[in-house]
C-alpha cells in the first residue's frame, strides 16, 4: 500500500513537473500512451474554437483536433484542449506542451522556416478585410485616409494593414485591443472608423454588434491569410498524420462521403470510397494507424463541408459563404491530394 | 438690603438630539458643508434609479439561452447559464465535490489556526498549512488518491483564482522566511543575494513575471522536458510572493524587541531553536495583518493571468463573451458579477485583517 | 539591532579567545559562515549554469534567433501614441523609447492624481460632515478591493466608450473637444520671441525659493507672516503672462478642427491614456487615502490641542503641526504605492495603451519571437524606474524624518 502510494506520487510528479520525457521522438506513441491528444486552440474565437456554457469545445479549428484524435485514438472526444494566447502558441508547440496547434494560425514563410514548426495544410482560406458603419458613407477602403483602425493585437493583420495604407499613400491610427470582444466594443463605441481583421472574424464580430445591419464589410481583401494546423519539426510521421487527417476530411467531401452515409459507403461504395474508409488498401497502415482511421474521422467529426456548415456556415450564427473554402469541384480552393 | 434679583433664564439649548439636530451638526454645519452634502445627494439621486431599473426592475431573470433576454434591462440569464464555468471552469460536474472539499478544507484550516487550543495551535496549524497544497494537488488531480484524473486544462474559474493565490502564498511562506533571515544575516554574500532576490521580485511588474512563466520558462528546462503551464505560473507566483512576504517578515523581525533575542541567547538556545521557537511565533503574530493584505493583493493580481490565457474567472468571462451563441454583448452583466464576487471576498478579508489588528492592539495594552 | 550585533561580536570574540583548545574548526562561527556562503555560491552557480546551458540548447534546437540585432530592424507596425516622431518604418529600438516615454507619462500623471485623490479622501475621513466621511470610507473600501484589471475595463469600456462620436463632440467654446476618440485641446505654438516667456517662467520658479527663504527669515525676526503660497501662484502665472504681453504675444494658438474622420491639430489625449490614468489614480489613491488616514491618526490628540491653545488657526494646525508629523508615517507608504503604480501601468496591455510593456513584450515579442531579450530589457527598465522612485522617496523620507537632537 505504502509503496503503491510512493509509486503513484512519483508518476504524478513525473508527469506534472518533468513531463513526457521525449518530445522529439514519436509524438504518436506519446499520444497513444496518454490516451488523449493535447491540442492547442484559441482562448475563444467564434466559429473556430469556442467553449459553450457546458464547457464543450466546438469550431472549425477544434474539428481538426477532433479529427486527429479520431484517426489516432478512434475517439474524437479524447482531446485535451489547451487554450493559448497568440504570443505563446509556438513556444507551447515547440516545447512539447501540446501535440499539435490548431489555432487560426496564418501560414507564412517566416513562421514555417524560422520557428521550428511545420504547417500541415490549410483548413480555412482567409484574408484581412474592413468593416465600417454604414452611416459613415464609405464604399471602398481607398476612402479611409486619416481614419482610426480597431485591430486585435498580436495578429498578422497588424502588419498587413500597415503595408496596405503605405502602399496607397494613406495614413491611419491603429487602436489595438487584446481580444476580439474588446475590438468589437471599441468599434461599436465609435473609437475607430473601421475594424480590420480576418474576413471570418469580421463576420463573427458583425453578428455580435447590437445592430448588425448598421455595419457593412468593404469589398477589398488586403491580404492572404491561409489558416491551418501546425506541428513541430522533426517528427515526420506525426506531420503526415495531421496532414492526412485534414486531407481525409476534404477528400470525403469531394467523394460525397458524410457522417450519415459513411457506414453504407464503407461496404457498398466505389473503390475510392472503400480505400478512404479502410475496407481496401493500406492507407492507414502506411501512416502507422488502424485501417479505419479515416472512417472514424468522417463518422465522428464529419467531412470538411459538414464541419464548415456546422461551425461557421449557414447552420451557424456566423452564416459565412463557402467562397474560397468551397471544394475545388465547386470553384473553391479546397483540394485534397489524391488518397491512393 | 437689596432685593433678590434672579439672573434671567438662559434660552433653551439648541436641540442636540433627534434627526434634525443630527443633520444640522453632521450635514449642514456650515455653508460649504451644506453645499457638499447637497452635491453628494444629487449624485446619488441622479445615478441610483437608472441603475436599479436596469439591474432589477427591467432585468431578465428566467431562461437558459440568449433568446430569453427580451427586456431592456440586464440579461442575468447569461450569468446564470455560465455560472458553473465562472466558478469551476470546465472541471467535470460529477467531480466538483473535490473543489468544494478543498474550499471547505481551506476554510477549516483558516478557522483552526485561530481557534485551536493554544498549546497545540502553532504546531498543528503550521503542519496543516504546509500539507494543504500537497493535499490540494492530490485531490484536484486525483491520480494519487485513485480517483479519476482531472487534467489541469480543465481547472478554471473563480476557484482557480482562489487556489492559485492560496497555493502560492502557502508555499512561499517558508522561502520568504529564509529570504528575510538572509537579509538580516551578517554573512555578506548571503545578505547580498537575499537583497537582490527580494528587490528583483518586488521591483518588476507581476505581468512580466507571468510572461516569463508562459514564454520564457519553457526554455529554462532541459531539452525534452516540459512543465505544465499552470505549474510554471505557480512557480513564478511563488517566487514573486516570497519576495513580497520576505519584506513583510522583515518588518515582523524588526518589531520583535531585541530583548527577546538576548533572552533566547542567554538561556543557551541554538540559532535555529532561537529563531523557530522564540522569534518566529512572535513574527507571525505581528505580521498577520500585513500577510493578509499581501494575500489580498496577490488574489486581485491573479486576474492578470487572463493576459497569458489561463482560464481564471475573467478569462472565462471573455471566452463566454466570444461564444457565437451569446454574441449579444453581455459584458456589463458579466463584469458586474465578477466585480461583486471579488469585492465581497476582498472586503471580508480586509475586515478580518482589521479585526486581527485590533485584537493585537488590545494584547499589547494588557 | 545595534545591541544584538555587539552581542554576537563579543560572543564570537569569546569563542576565539578560547579557541584551539576545545572547539573543533567547524564550530568556529566564521568558518561556518564561510562554508554556508560557499554552499550558496556553488548552488547558485550550478543553477545559473544549467539554466543558461538549457536556454542555449533549446534555442539551438528550435532555431530561434538570438541577440539584440532586431533593435535596429524596421518594426513595420504603427504605434497609437508617441511623444517623439514615429513612423511604421522606424526601428524596434525607437519603439522601445516610444514605449518607455509613454510609460513614464502615464506613471507621472497617475502618481500626481493618485496623491491628490489620496490626500483629499484621506483628510475627508476626518471631516465634520457625516456624509463626506461616509463617502471617503466608501471610496476606499470599494476601489481598494476590486482587481485593478476590472477597474481599467470599467473606465475604458463602460465610461469613456459612452462619449459621443467624433462628429457630435462635446465642445467648450469651439476650442476644447471631447469625444469617444479623446480629449482635444488647443496648443500654443511659439514664434521667435517666445523664449522670453520661458525664461520668465524659470525666473518665477527660482523666485519662489528666494521668497520662501526671505519669508521664513522675516517671520523669525519680526513674527510677521507673509502669504507665500498666494504670492508664488501670482508669480508663476503673472511673470510669463507679463513677458508675453511685453513681447507682443509671440505665439499662435492651434485649435483642433474636424477634418474627414478625426480632429486634427492641437493636443490629443487619447481615451486609452485617460482610462489608464484614471484607473491607476483612483486605485492607488484609495491606498494612499488609507496611508494618509493612518498617518493623521498616528498624531496624538494632544498635538492638536496644544496647537489650538497657542491660538493657531485650524488651517495652520493642519499644515504646520499635523501634516509634517503625519508625513513620517505617510512617506514610506507612498514610496511603495508609487512603485506599485508604475508596475501596475503594465495593465495598459488590456486596453491597448502603447506603454513599454504593450509595445515591447506585446507586439515586438510577437513579431520577433525573441522572448528572452524583450522581456529582459523591459524588466530592467521597470527595475531602474522603481530604483529611482525609491531613491527620491528615501531622500524625501530623510527630509521629513524625526531629527533627534
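Residue numbering begins at 1 within each chain, and the chains themselves are lettered A, B and C in the order written.
In the analysis below, a residue touches a chain if its C-beta (ideal position, glycine included) is under 8 Å from a C-beta of that chain, and two chains touch if they have at least 3 such contacts.
The chain lineup, named per UniProt: A = Amino acid ABC transporter substrate-binding protein; B, C = Amino acid ABC transporter permease.
All figures in this text were calculated on a predicted structure; none of them were measured in a lab.
Asker: Tell me which chain's centre, taken as the mean of its C-alpha atoms, is farthest from subunit B.
Answerer: With centres defined by C-alpha atoms, farthest from subunit B sits A.
Asker: Hey, which chain is the most central one here, using CA centres?
Answerer: B
Asker: Measuring from the mean C-alpha position of subunit B to the mean C-alpha position of subunit C, what distance in angstrom results?
Answerer: One centre to the other, that is 24 Å.
Asker: Can you give the whole-Å distance between the Cα centres of subunit A and subunit B?
Answerer: 38
Asker: Quick one: report the Å distance separating subunit A from subunit C, using the average Cα coordinate of each chain.
Answerer: Whole-Å distance between the two chain centres: 43.
Asker: Counting only residues that touch at least 2 other chains, which ones in subunit B make the list?
Answerer: Subunit B, residues with two or more chain partners: 211, 215, 218-219, 221, 223, 307, 331.
Asker: Touching two or more other chains, which residues of subunit A qualify?
Answerer: In subunit A, residues 87, 91, 94-95, 178, 185 touch at least two other chains, as defined above.
Asker: Enumerate the residues of subunit C that touch no fewer than two other chains.
Answerer: 58, 61, 157, 349-350, 365, 371
Asker: Show which residues of subunit B lie in contact with subunit C when the two form their complex.
Answerer: Touching subunit C: residues 26-27, 29, 33, 36-37, 40-41, 186-190, 193, 200, 202-208, 211-212, 215-216, 218-223, 254, 258, 261-262, 265, 296, 300-301, 303-304, 306-307, 314, 331-332, 335, 338-339, 342-343, 346-347, 350 of subunit B.
Asker: What part of subunit B is in contact with subunit A in the complex they form?
Answerer: Those in contact with subunit A are residues 81-82, 84-85, 89-90, 137-138, 141, 143-144, 146, 151, 153-154, 211, 214-215, 218-219, 221, 223-229, 231, 307-309, 311, 315, 318-329, 331.
Asker: Once bound in the complex, which stretches of subunit A touch subunit C?
Answerer: By the definition above, subunit A touches subunit C via 86-87, 90-91, 94-95, 114-116, 144-148, 153-154, 158-159, 162-163, 166, 172-178, 182, 185-186, 189-191, 193.
Asker: Please name which positions on subunit C make contact with subunit A in the complex.
Answerer: Checking each residue of subunit C against subunit A gives 58, 61-65, 76-80, 88, 157, 161-166, 179-181, 259-262, 264, 271-272, 349-352, 354, 358, 362-363, 365-367, 369, 371.
Asker: In their shared complex, at which residues does subunit A touch subunit B?
Answerer: 5, 8-9, 11-12, 16-24, 36, 38, 43-47, 50-53, 55, 80-85, 87-88, 91-92, 94-97, 178-181, 184-185, 188, 204, 207-210, 316-318
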